[in-house]
Structure formats: C-alpha cells, structure tokens
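Quick one: the structure is below, questions incoming.
Here the chain labels run A, B and C in written order, and each chain numbers its own residues starting at 1.
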Amino acid sequence: MTRRLDKSVFIAVAAFGATLALAPASPASAAWEPTRPVEFIIPAGTGGGADIMARTIQGIVSKHNLMKQPVLPINKSGGAGGEGFLDVKGSAGNPHKIIITLSNLFTTPLATGIPFNWKDLTPVAMLALDEFVLWVNAEKPYKTVKEYIDAAKAANGTFKMAGTGSKQEDQIITEAIQKSTGVKFIYIPEKGGGAVAVQLVGGHVDSTVNNPNEAVSHWRGGKLRPLCVFDGKPMPYKDPIAEGKSWADIPVCKSQGLNMEYLMLRGIFTTPGATKDQVDFYIDLFKKVRATPEWQDLMKNGAFNQSFMTGDEYVKWVAAAEKEHHELMKAAGFLAK
Amino acid sequence: MEEIGNLFHGFSIVLQPYNILLMVIGIVLGVIIGVLPGLGGANGVAILLPLTFSMSPTSAIIMLSCIYWGALFGGAITSVLFNIPGEPWSVATTFDGHPMAQQGKAGEALTAAFTSSFVGAFFAIVVITLVAPLVANFALRFGPAEKFGVYFLAFCSFVGMSKEPPMKTVAAMMIGFALAAVGLDEMTGQLRLTFGFTHLLTGFDFLIAVIGLFGIGEILLTMEEGLHFKGRAAVINPRIVLQTWKELPKYWITSLRSSVIGCWMGITPAGATPASFMSYGIAKRLSKNGRNFGKGEIEGVVAPETAAHAAGTSALLPMLSLGVPGSPTAAVLLGGLLIWGLQPGPMLFVENKEFIWGLIASMYLGNVVGLIIVLTCVPIFAAILRIPFPIIAPIILVFCAIGAYSVNNSSFDVMMMMVFGVLGYLLKKCNYPLAPLVLAIVLGDKAEEAFRQSLLASQGSLAIFWSNGLVSTIMALGLIALFWPLISEAWNRVRSLATAA
Amino acid sequence: MNEKSEAAGATGPSHRMAEVGLTVLMIVFALIVIGGSLQVGIGWASDGPRAGFFPFYCGLFVFAASIFNLFAAFSVDARAGLFAEWGQLRQVLSVVVPSAIYVAIVPWVGMYLASALLIVVFMVWIGRYSLILALAIAVPVMIATFVVFERWFLVPLPKGPVEAYLGY
C-alpha cells in the first residue's frame, strides 16, 4: 500500500517539476505574442451568429496554426450580453482576452443601464458587417415591399413582426419601418434568430428581419421570400440560392420606399489598457484569418458585408454607430430610465 | 421503401472501422462529460468541433453525436450514486435512483437507468426514421400559445402529488418561479430583481440550484447521520445487469408511455428536462406502486430516463429540419453543420442524403455501442460507493464547485451553490419538497416568455390559449392532469356507488 | 449515531425553532421579490403583463404561504422534536465551514490549489487520515482535473498566483 502511494506522490511531484521547468521558456522576441490560451468571449448564446463566427475563427486558428496558443470561446450571454462586456471591462491588463461584438455592444447598456460603454474596451478590428433582410412567408401573396406595406396597412395594427430579443437590433429596425411607413406592427421577441425564422415559416407571425444565414435554408426550401435588404447597396453574392435568384437580386430597401439602412457590427475588442503591440498582434491574426478559404465560405454562406477596418477608422465607425443607436433608441423610447 | 434503402446505405457508411472507432471515442468522452457536473455535452461538442474540420462531415457528426449520446447516458451515473445530476435531465432520476443506491441497489438502479435510456432513444430513432417529414411539419405548428400549453401540461402532470404539506409545496414552487424571474426580462429588455447587482444579470441557473440543493444538501445530510454512505454495502456482481434485465419487462407500459411522452416533448420544443419530470409525475400517478415513488422504486428510474432520452433524441429532428436547436449541445452541433458548409433546414434532407442517413444510422449503432460500454462499467461505478466518505466527499464538493463555476464561468455562482446547499439541507429537514422548486426554475422563465409572447400576439386576450384545436387539447390535458387526484377520487366514488347499488 | 437521536438527554435546537427561522427567511425573500417587482412595474399593460407581474404574484404567494407555515410551526409543541442534536449539527458545520471558506478563496488562490487544500483539510481533520495519504490523493486528483479541464476540454477554471507563476 505504502509503496503504491509513494509512487503516486512521486509521479505527482515529477509532473509538477516538469511544468515548472517548462514554464519560463518564452522566446525573447520584440513583438508581443500570447503566452497563455486566449479567451474569446461571446456575449451571446450558443448557436447564434456571433457564436458561430467565433467558433469558426477558433477552428481556423487551430487548423492553420495561426497562433501558438489556442483560442477558447466562452459564452457569457447573461443580461443580453452585459455579462460578457462587464467581464472584459473588469479584466484590465489581461491581454489574453478578446470579445466579439454584435449590436448589443450599444443596445444593452442603453436599454438596461448597466455600467458599460464601448469606450471601456480597446478596439481591435471590424471583421465584417451582418446584413438584415426583410422576410415574409412564401405562401403570402405580396412579392414587393409596396404590396407588403399595403397589406400591413390594411391589417390595421395586427401585423406581427418577430425578432431576436427586446430593444435590440431587430426591434430597432421594426421601429424604423414603422416610422418611415406609418404602419403599426406587433413586435414579438424570441430567444434566437433560428426560432424567429421558424415562427415565420409556421405562419405564427407575418414578417421578420432575420440575418441572411438565419433564414437562407428556409428560402432555399421555398418557405420564405426575401423582400429587401437594409443596406446602402445590393449584396455582391451572385450564386443562385432559390428559384434562380441570388443574394445580389434582392433590392435595397431604400429603392423600395423603405427609408432605412442598418448593418450589424461583427467586430473585435480587447481588454482596457492593451498596448499597441498587443492590438497589432490581434489585427495581424485576424488579417490572416480573413485570408483563409474557410473564412471566405463563412462570408459567402452568410452573405456578409466584408468591410474590414482597424485603428482610427474603426473607432470612428463605432462612435458613429453608437450615436445612431442612441438616436434610434431614444426616438423609440427604449432608453433605460 | 426508399427510406430503408437509404438507411442501409447509412449503415454501410457508419460500419467503416474508422467511423466505429470515432463512435467509441465519442461515447467514452460523452460519458466522462456527463459524469462531471458542469461539463455539459455542449462543452465537449464545442471543444471538439474545430478538430473535426479535417474529417468528412459524416464522420464528424458521428463522433459529435456520439458525445451527445454518451453525455445522455453519463448524466444518470452521478444522479444515482451521489444525488448530483450531471445533466439537467437527470434530476428526476435522482428521486428514486439515489434512494435505491442508499439501499445498496446502485447496480440495479444504474442498469435500469442505462437500459431505459437505450429504450427511449431507440424508440425515438425509429420514430425519426419512419415519420421524419411529418414530424417536422408538426413542429411548425407550435407558436407561443402552443408552447405555453406544453409547459403548462408538463407542470400540471408533475405538481399536486407530493406528500409534503400543501402550503410548503406552494412556497417552494413559488420561490422557484421567483428565482427563475431574476435577471433580464426577455420580453421588455428590462433588468428585474437584480437591484443593481451585476452578478445577478445572469439570473439563477438551474444547474447551480440543483447541484447545491441536491448534491451539497445530500452531503450535509450524510454528515449529520455519520461519516459513511448508506449504500456502501452494495453488492457488486457483474450478473446484476442480467438480474435487473429480468425484472424490467414488467414495466413495459411505463417504458412505452415514457417513450411517447419523451418523443412528444422532444418534437414540441420543450426538451428533455420537462419530459423527464412529466413522465415521472405521470408514472407516479398511474403506477400501482405510486405510493413508493421517491423511496427507491425502480419504475421511478425507468420513467424519467426513458422519456429524457426519447426527448433528447427526437429533438435532433426539428433541429436538422428547421434549424432550431433544442439544447445548447444541439445549438453547437448546428453551428458545426454551418462550419462544414451544410445548411440545416428542409433542404438538408434532399441535398445531403448521405449525411442525414449516416447520422440516423449512427444513432442506432451509437446507442447500441453506448449501452454496451456503460453496462460493462456498472460494477465499476457501483464500486465508487465503497470509497470511504471522508475521501470521496471533498472530491464531490470540488467537482460540484467546478460544475457550478463552469456554467457561467463565474465564481459568484460557486458561492450561490454553497448557499443553495445549506438551503437544501434546511428545506429537506423542514419537510419542504425540492422537486417543485427545481421544476419551477427550469420551466419558469420559458413558460412566462411563451405566455407573454402569446398575449402580445393576441393583444392581451387570454382566448388565444383556446384558439385552435391543438392548443385547446393541450390545455385541456393540462387541466385534467392538474385535477387528476380529484377526478380519480370522484371516479372511485361513482364506481363504489355503482357497485353498492 | 442515528439510533441515539431518540435517546433521552440528547439536546439540540428544536424543530420548531428551525421551522420558524426558515419561514422568516422566506418572508424576507418574498418581501425582496415584491419590492423588486414593484420597481419594474407589476401592471397589466395593453399587450399583456409587465416585467414585474409574475415575480410580484410569486412573491405574494411565498409571503402568504410562509405566514400560514409560520402559524403552523407555532402550533406544534415546542418539545415535539429536535431539529438535530448539537453533535450532529457540529458534524454538518464541519463541512459547511470549510466549504464556505473554500468557495470564498477560490477567486483569489484559484480553483486547483483551493480544491487540493479542501481535500487535504477534509481528509485530515474529519477523516483522520495521515497528511501524506491526504496529499497523495489531493495532488493527483487536482492534476488530473487540470489536465481534463484546461488541456482536453479547454475549460478555463479560476487560477491564482501559483498558476500565473507557472505560466497559465
């Protein structure tokens, strides 16, 4: 008995010693490099757009060996993502932590009043922008935005719009549509984009503003019909998806009389107080990620707007987006009291 | 029979040695994940997802779905042995599984749990194979009102049956509902009951409450009664599996009923956890041994395990055909499909036949392989109870803490778990029922959400819960379940009057 | 130990006292919930209940049921039974106190070290095992845990200064 125990103690001590010996072996190069696994915070639940993007990045980094240390995606979705933002805000001086953002970077603090602002974080890069498309059930007669708006007007306030969460991007867009057309919708919040799309397929609601990748499979299955995209210009993807139509064939909402543009940030931030070296490392990493075929596939499948920004340009964009959200949410009465 | 042909083609893919190896690896990893509380199937699947990039999608989904099966099996182990549910859907398994272990029948309880899991999952796979397209269309009929109906039904079939004083049941249940309400209100985007305390943003997670109330509470109760497990006298005999098998066919009605309940709850988007509670509640009411439920009745293990697995399996179908995940694990799997360039949705069944039938075939084989692996380990698991309590107890505490931490990566949750632990001890000593509290935390916010979504859609009219045949039927069933004790009593009286006359 | 509990002379807090204490706790909880619900609005707006509607009524139910339970507890004879013997409670506290300290220090010293410490303290103090045996179990268990969580499943657990020194 004692002999066996001695042996296990020995193994334990040996293992401990081995770790000690390996630890200080860090290369003496000038540029900063992560020395520990990088925590990749996702301020949203598993299976959503941000989650899928973060996990794809994790896969790309490990498959192409873009970094010596692994990436660890961690979901912190509590309080509409507030939990994740507060976590990164509270990790000042720890450069081994980055966060992927969606519009809740602005909407969550504005709607709930939690003590957080994007300026608390260090901006790294904009990876892409997510599009929003106006979808209706394919069995419904309306084929253009005008027919749809007329039908909504005729329904006299009983038209239902489903979207993800409350006082977040989907509801902001809904508010803007109401404003620009004078139609009144009933907004029904759901937990995730997939559930929103299914409610529309099942005929429980009349329209949605799903992101392309949340609804594309139902479009291909002939259940949903896109009416317009809330972007300044049509999407560039020309491969046919359904009935010979491609993403590029979807008209922009402005041209259809719906005066609204909205794009959602898929960007990266890191902890407060990160140095330029550290930010540059991550920028370089994401440049490499964007060059891989896997990333290109993700962009094409989700019909993303592939804008990429860093540095001042990125900061300016985010500041402008925050102002815009503040105005939109103020007009809709969504600000926390 | 095109489906049968497809299925056999699927088997031929799955039976390649490489894929069988992946299957075994997946199951073993899954069991480990299921055993360690807090390390959910979602972790395992998420972490291995990037590793699967270099495999074909079919091989990858075989391995990942086998982790899912393994986790389903593994959740029962700690429930039975230590009263700690490794996964949410094994909570109901503790009700009778742990008393059985305390009576020295851990081997029987585990065998019953594993076998029932297998039966439930197998039933669900057959349903998927035969009626996949029908099921997908049926799931589409579930709007907010119908969803609320399903939660209502699950709740009604479980409550109103405890031995504890009714006012204590009410208090426990309402505490559960109140805890479920803490955090962000999904309907208005407002924070509620957080009192400016940012740790409460996430609310009270069900798993943390359960690990505390059941797991820690049980350790405290054991300490009070002396420093040993009651179940250490467990007979460890490899033949225990066969002996238990001889007994199980007696409960075929319970198995069948639980399988049906499980499939129903998996296809409607309620999920495995409510399914297990509902099945347990109904079995308790309908079984002739109902009075002994909670004291170590093998039927009380069969019912929730069968239903949980039938639900967990059938939930994969709406996920694949509609793209709506039924659980965090399923959500990550769904993300995996996208990463591999497959789009979940109706077209998946048309365009990626090889993938779908490979998956379905792997469900059949994965469950068989899983059953064999876990059953051979039953004596090993039962032997864990022989480890002296002062050694195993702190290790259990540590794993409870790790489990509580990894739900939200929050140290605050670890403290909450400890508070729940002391609370669980006090509540149990003062004769408060814990099960309604836990069920209220699971169903509370979902039911409230569905209720309020329905009222938004109907502009405040409650008539929406009786607005079509489907929702009316579900609600009526719920009411019958709620008033079942009264109904059965009235029925007995009528019968006795009739015989007297 | 169990069979002794009915023996004469065993002392401890009465069951009534425990019941009353627990009910008072629940009443406090109910009042907090009711207060929090009032803050966010408990009304029934045109489109269904507001954010505080459900928690408010849950709080109210807890309150009412607890008042009932309070009276029920008082109506029981004070000498009717013991909640537990002092000796038993000491046993329970001997787990609660180290565990409470454990969960409190986890954020500071990290999960691994704190856990190893808990196992050692528990085995030596309660189980009366030798320190060597306790270490021989605690250290390998935590190293195995480290490998499983940090290396295999990449689940980062709280780490303290020791892990930081080792480069994690």
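Just a few scattered comments:
The rule we apply is simple: a residue touches a chain if its C-beta (ideal position, glycine included) is under 8 Å from a C-beta of that chain, and two chains touch if they have at least 3 such contacts.
Note that this is a predicted model, so its numbers are computed, not measured.
If chain B is disregarded, contact among the remaining chains keeps them all in one piece. Distances from each chain's CA mean to the overall CA mean are smallest for chain B. More contacting C-beta pairs link the chains of B-C than the other of the two pairs A-C and B-C. If each chain is reduced to the centroid of its CA atoms, chain A and chain B end up 30 Å from each other. Spacing of chain A relative to chain C, judged by their CA centroids, is 37 angstrom.
Rounded to whole angstrom units, the spacing between the C-alpha centres of chain B and chain C is 24.
Under the contact definition stated at the top, the residues of chain B that touch 2 or more other chains are 185, 187-188, 190-191, 194, 409, 456, 459.
For chain C, residues touching at least two other chains, in rising order: 47, 154-156. In chain A, the residues that reach two or more other chains under the touch definition are 74, 186. Every residue of chain A that touches chain C in the complex is listed here, in rising order: 5, 8-9, 11-12, 15-16, 19-20, 22-24, 26, 35-37, 39, 70, 72, 74, 186. On the chain C side of its complex with chain B, the touching residues are 1-2, 15, 18-19, 22, 26, 29-30, 32-33, 36-37, 39-40, 44-52, 54-55, 58-59, 61-62, 65-66, 68-69, 72, 83-84, 88-89, 91-92, 94-96, 99-100, 102-104, 106-107, 111, 115, 118-119, 121-123, 126-129, 137, 141-142, 145, 148-149, 152-158.
For chain C in complex with chain A, the residues that touch the partner chain are 47, 132-133, 135-136, 139-140, 143, 154-156, 165-168.
The touching residues of chain B, when paired with chain A in their complex, are 42, 46, 49-51, 53-54, 140-144, 183-191, 194, 198, 201-203, 322-325, 328, 330-332, 334-335, 338-339, 341, 343-348, 408-409, 449, 453, 456-457, 459.
Residues 45-47, 51-52, 55-56, 58-59, 62-63, 73-74, 76, 78-80, 82-83, 86-87, 111-115, 158, 160, 165-168, 186-192, 194-195, 197-199, 201-205, 213-214, 216-218, 220-221, 223, 294, 297-298, 301, 334, 336 of chain A touch chain B in their complex.
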